[in-house]
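A, B, C, D, E and F label the chains in the order they appear, each numbered from 1.
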Amino acid sequence: MRPTFALPPGFLGGCAVTSGSADFCIAGIPFDLGTTNRSGTRDGPHAVRRASRMLADGANPVGWGDPGAMSVADVGDFTLALGDIAGSLDLIERQAAGFAHLLTIGGDHTVTLALLRALCKRTGPVGMVHFDAHVDTWPDNFGQPLAHGSPFFHAIEEGLVDPRRMVQVGIRSPMPKAVHDWTIARGVTIIGAEQVHLDGPAAVAERIRAVVGAQAAYLSFDIDAIDPGQAPGTGTPEIGGLFTWQVMAILRRLDGVRFAGMDVVEVAPAYDVAEITALAAATIVWQYLTLHAAGKS
Amino acid sequence: MRPTFALPPGFLGGCAVTSGSADFCIAGIPFDLGTTNRSGTRDGPHAVRRASRMLADGANPVGWGDPGAMSVADVGDFTLALGDIAGSLDLIERQAAGFAHLLTIGGDHTVTLALLRALCKRTGPVGMVHFDAHVDTWPDNFGQPLAHGSPFFHAIEEGLVDPRRMVQVGIRSPMPKAVHDWTIARGVTIIGAEQVHLDGPAAVAERIRAVVGAQAAYLSFDIDAIDPGQAPGTGTPEIGGLFTWQVMAILRRLDGVRFAGMDVVEVAPAYDVAEITALAAATIVWQYLTLHAAGKS
Amino acid sequence: MRPTFALPPGFLGGCAVTSGSADFCIAGIPFDLGTTNRSGTRDGPHAVRRASRMLADGANPVGWGDPGAMSVADVGDFTLALGDIAGSLDLIERQAAGFAHLLTIGGDHTVTLALLRALCKRTGPVGMVHFDAHVDTWPDNFGQPLAHGSPFFHAIEEGLVDPRRMVQVGIRSPMPKAVHDWTIARGVTIIGAEQVHLDGPAAVAERIRAVVGAQAAYLSFDIDAIDPGQAPGTGTPEIGGLFTWQVMAILRRLDGVRFAGMDVVEVAPAYDVAEITALAAATIVWQYLTLHAAGKS
Amino acid sequence: MRPTFALPPGFLGGCAVTSGSADFCIAGIPFDLGTTNRSGTRDGPHAVRRASRMLADGANPVGWGDPGAMSVADVGDFTLALGDIAGSLDLIERQAAGFAHLLTIGGDHTVTLALLRALCKRTGPVGMVHFDAHVDTWPDNFGQPLAHGSPFFHAIEEGLVDPRRMVQVGIRSPMPKAVHDWTIARGVTIIGAEQVHLDGPAAVAERIRAVVGAQAAYLSFDIDAIDPGQAPGTGTPEIGGLFTWQVMAILRRLDGVRFAGMDVVEVAPAYDVAEITALAAATIVWQYLTLHAAGKS
Amino acid sequence: MRPTFALPPGFLGGCAVTSGSADFCIAGIPFDLGTTNRSGTRDGPHAVRRASRMLADGANPVGWGDPGAMSVADVGDFTLALGDIAGSLDLIERQAAGFAHLLTIGGDHTVTLALLRALCKRTGPVGMVHFDAHVDTWPDNFGQPLAHGSPFFHAIEEGLVDPRRMVQVGIRSPMPKAVHDWTIARGVTIIGAEQVHLDGPAAVAERIRAVVGAQAAYLSFDIDAIDPGQAPGTGTPEIGGLFTWQVMAILRRLDGVRFAGMDVVEVAPAYDVAEITALAAATIVWQYLTLHAAGKS
Amino acid sequence: MRPTFALPPGFLGGCAVTSGSADFCIAGIPFDLGTTNRSGTRDGPHAVRRASRMLADGANPVGWGDPGAMSVADVGDFTLALGDIAGSLDLIERQAAGFAHLLTIGGDHTVTLALLRALCKRTGPVGMVHFDAHVDTWPDNFGQPLAHGSPFFHAIEEGLVDPRRMVQVGIRSPMPKAVHDWTIARGVTIIGAEQVHLDGPAAVAERIRAVVGAQAAYLSFDIDAIDPGQAPGTGTPEIGGLFTWQVMAILRRLDGVRFAGMDVVEVAPAYDVAEITALAAATIVWQYLTLHAAGKS
């Protein structure tokens, strides 16, 4: 029985590289080539795993789901092509293909495009629950089409996501009006951060469920959806963000949604303090896992 | 008239070691042997005193209680037995025995057990207002019975606390269901962090008062009750925590409670940023003091 | 088209020293001689400019005001008299006099007195929207009349501000009751931080508008109005502060107010983490600017 | 072929828990109950492993020893008794017993006593190369006999070390003269830090070899031997310390010594900056390993 | 006359974007796509400029060269292709072509290849003074040929550098023996870090001059040549590095060398403390400039 | 017997405010109005006292001087005039007058002028051992005559120091040649930092003794004499500085000098890491004290 500080380095204190045949597999993606402001998300997977030790002992007091009683494996980090965005996306897509239910940690938001390409081959276009400060539907990023402001532009264009079953939560960054209008015109629902603060988590969860519906969905969580005071360790912070209690309260209320996978992205540990950003990311993955415990969705 | 930055190093800018015969005595307990994740609470008392200089000048704008007009003394730090948990608890108990009304700062939560042993000899079983992210009623801590996850298990077992007059506020960590059920079965009231966010401070304060009743009570404040974004300097952080405005709003509304003592624990300065965690702890002590100003409870 | 991280060092990624004939001019004031606790606000202007790069690309999603479509210039930093408070205030006043609409960043709150002296010559006594943790109406600061706890004592005494059209938002620090009573007796409206949390931003904005009325007003924003968890980089933090989402939600609702200038003060980067305090300050300036976009007030 | 930043979390980028039958086994000891100033060495093993990734690719340019071509295994962390010094030392001794050649990382210096008890059963009294700022021969530590200032007092008293074959390098802390005199009287050789600076590494290495001789020896490296400017991440820093280039230059010249094991202790990551202390510790282990490469001692 | 803390944001307190027709032009290159461990050198140019304010006032006390009396311009940052190494190198080469004597700050070491391609068109193969912890002659970087471990492999292969007139100073990292041998076989002189410590700066400078000779040469300074204790803000630190006093003492003794340009690379501010790494980089550029003052080389 | 971490907050773990009639009195001066770059030296005294706890237990291993056996008192901090340089200097001078042998910690270098004014009334012009990166003989500081670049200009002009008995050690900053020439012309001896590195501490100590001679002298130690890698916590760092081992080795060799007082200045804790700068300052005071132990000078 090891104290929290002495747990092995895998997610929730497991070994970092274990079998890929578990019901739920967790992989790290140490990628940051698509960042447009501060970089360093390549170190995200390591930090999120380290922070997750706080969650290794016991069950979720809301619903008593217990990852320790589930089939969960940390399969280590995906290999990438150093300095090559397109090459890395291809590698991510290929590695993601093999898993029944994949949860990924870290890397910048560019990686979601590759993950959706892999997932969509099995599921067809998915519904999308997208937490973020930014809509990430820019057609390009200062000239680069494949970077962290564009995954959902491409995902919608490539038919990986059904935009009418897509909802964005926490949006608040400056943006060109054309980017906003394109997104709305595709049918995407945007719930700005101020709206979350004013409406409360129950109303937001209800709206998310209404948008996403009963078919297969995906959770893409950009850590900058959370306020910089609670998640400073990220590259493109925006003030006025969501609070972690709201995020948890919303996620807990999504237990009817048929999630087929998730990612948490944009954790940049060099800007974190006392692991709080990494802990937020780890807890989001843990909350997602416990939603899928026996007796749950 | 010294500027804030030039105040002496005792609590609220007094001298660090003064008479123990004041109405309210403040002692530091530099203890961290009972920590199960990050250590360093031994440096808490120093940091809380240093941060308290911000509160040295003037009265509480809510109610105008003024510690400067009260009989308050900082009696310095308790002596401890290096590397020896049980020996240190004995020393704390003995040193705590001599004070009319004791407020302690710093150390990990293990110390509360010794403080209650000392207090209870005078008061009998006390009511308990316990702010925390964790219930701290584990029967042991990875094999160690005397550590920071267990003070209230022992306090209840030893009859130091009346569990039906005990309320826990801010609870949200993972835990074995058995620990939760044992606590509830003893009669303890648990108000989870999400509930505080949803109900607001006035309702929570009302519920606390109802549970604690009119007899002697104790305030034990684990700084990790507060959200890691506002209190990163602690060893076992959990996201989704209370906000300091809520804590202050609740405490201000407890002026009818007959408090016989208090502690604030688990401040680990090595993980703090810009003294914000230490300042939160200092302000909680200051708020407690001003509750007891003349014309108050 | 430069990525966010590669923008020039002026506000919103412009050049740092450009023409002073723009409609809106931004100046830095690297001053910290009036601080009473932690110093270092001399580095505030640099940090706020650097952080503002996150806001350079696109329009405000609330109302679509776009600083890029306005006449805005960063005129660099004001010159000051090293080690000389009164001399520096004279220099600030003289330099501020030449601008049609001036927004200043950084320095401690002492500078607001000089800025109001300059402004008032053109406008007469102004209404005041003052965000702060402290009332800043101390008659002196540990013996020094010209320091950061006194700008509004002097501004009221000198007739620069109409106290019946002055509102203070976020107040919560300890203070002598006499300071509070003097302020109220002058006619100033105080909205404590807890009140903001309980009432919500729409009610607060409504009250601000009622106090300030239709004549010329000024926005003075002390960054310590915001909670230390979201703005640790300041010298005199107080817990229980405003959240940035509330600040933004309030400011957005002040679009009918006839603002003639603004400052954001007390950013001390040495205590900041991951630029979050500087980003908050930058975003407040940006929000103020977009309030003044065409089609707006 | 993984980039440095994407290596698995074991020492030199291996898996953290692998076979214990390798020629050289590396174990972590997350222990800090014996610290007398700043704590936190429990997190040392994790940090040293993480920092070691910089050394994973290639051979030592001095001598071309290559750990990748040797039989090396990271066997993970030892289990400990939470909050119990004596109990933990027993556990360490028992776990250390099984390895042919053991290298341990992290924990405070107390652990060396247990490691020597285990080793000495196989080798008899060993020679000792001890790098440290402190002699660590205090008979007790503020009343506690088993703590980080006393391992060599006990090791000499218990006959685990031959004091005439023991050399201490880097000593410079304040100490009671009686502690110094006891150490010298036992026959220990002390080379103060200033002496290392004045004499240079070749002369120091020569003297170490002369003292230690041809029989079995042990290397115990307290990271505070190194100057705080190069190794801030430790609990009891002393200025005027050794430079890492000197440490490396000395170690490289010890290739004739018959080392039977080593430890590097006192890395406290909470006080580190940019991993430099952890990297120093990792590099010392790596240098020790490459001393034992084929064609070497 | 502005105090140091209030200088404009260009190098040595000048404006950031000024004329490119000066005798010496300074450009920033915010590039980090070629990093193999910690990233973040994209923020290097900003940090080096900010730190250079310490050097704005006065002359070099060794030789009295004064950049303020020279024709020096900070031309701002080069534009780059986001997420595209080869595209960025093309852009750098094109922008570098226009300057008489170019000094660049920041970015990872990959950029030197582009700078040499531009320079060599005017000068032919240059001599090279290369400070670094690593030889940077790897043929590829975990599969990527164009990254920060390979600039000199390509520079030698492309004939941009004359390897017999190339000297590497400070080398100490692990490396495959084949990389070392390839480098030596080309004729490059390697002076390891330990050699610098043992020989002293005068001898090293003499050797550098002997290798480089009287023809055109280039200075490429990787900040990781300096010890991590003095330059923690970099991505691939190695202990045992050069001290800044040695670097300065060597550079001062190179006043006969015919330098045609220089770069300082690999400053990663997210890992820096108190700007010391950025200050080291700025001082190296300043020392290089003062070598070229009137009456000098 | 308190562990190091639990010592009271005065210098060497004594009480912070005790009798002023001791043989050696230590006072803090929390002043930073004279700083020209980064501020924050107002927090120096607190940090140096806190760091000094590492030196509380035992004697100096070089010479066995033991402050615990001497008559030493920490008299707390001097009062100052907030925001008023000249007024503060007057207050410092008056408070310093009453002590037999005064050692002061913290504040910026401006304070030395006031301390010398007080001392000189008793001793007449003193010899001066001045460690610094800067000569501090500027006639003014960006227009301000009384600031931290000018104490020795005034001290020489006012006849407080005998410039022919004054030696400056560690000088290396850029400066106007006129400032340098004025200093030399007065008769001051300058030993540049590079010279210390090349000559070694014994030769430097010999030269200091020769310059200072047998009459009363004063030690003024600007912490930026030390290299930024070992003392980052200061406002005007310069690379290439002295190492702490050299400083200690020099000071130990000055035991024949008739020191009448000392100060250590320019510690700015906001820029420190892991207390290493504060520890360096504390150790310098401790070394000075032990020079004066019985059986010593």
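The rule we apply is simple: a residue touches a chain if its C-beta (ideal position, glycine included) is under 8 Å from a C-beta of that chain, and two chains touch if they have at least 3 such contacts.
Note that the structure is predicted; figures quoted are calculated from it, not measured.
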| item | value |
| --- | --- |
| Labels of chains that are neighbours to subunit B and to subunit E | A, C, D, F |
| Length of the shortest touching-chain route, subunit C through to subunit D | 2 |
| Greatest separation from subunit B - chain, by CA centre | E |
| Fitted rotation between subunit A and its twin subunit E in degrees, CA, nearest 5 | 180 |
| Centroid distance [mean C-alpha coordinates] between subunit F and subunit A, Å | 54 |
| Approximate Å spacing (C-alpha centroids) for the pair subunit B, subunit F | 41 |
| Centroid spacing, where centroids are CA-atom means, of subunit B and subunit C in whole angstrom | 36 |
| Interface hub residues of subunit C, defined as touching at least two other chains | 2-3, 5, 36, 38-39, 42-43, 82, 141-143, 227, 229-230, 271, 273 |
| Touching pairs - complete list by chain label | A-B, A-C, A-D, A-E, B-C, B-D, B-F, C-E, C-F, D-E, D-F, E-F |
| Subunit D-touching residues of subunit A, taken from the complex the two chains share | 2-3, 5-6, 8-9, 15-17, 30, 42-43, 46, 49-50, 76-77, 79-80, 82 |
| Residues of subunit B that touch subunit A when the two form their complex | 36-39, 141-143, 171-177, 179-180, 192-194, 197-198, 227-230, 232-233, 236-241, 271-273 |
| Complex contacts: residues of subunit E adjacent to subunit F | 1-5, 53-62, 64, 200, 227, 229-231, 243-249, 273-276, 279-280, 283, 286 |
| For the subunit F and subunit C complex, residues of the former touching the latter | 32-34, 36, 38-40, 42-43, 81-85, 141-144, 146-147, 270-271 |
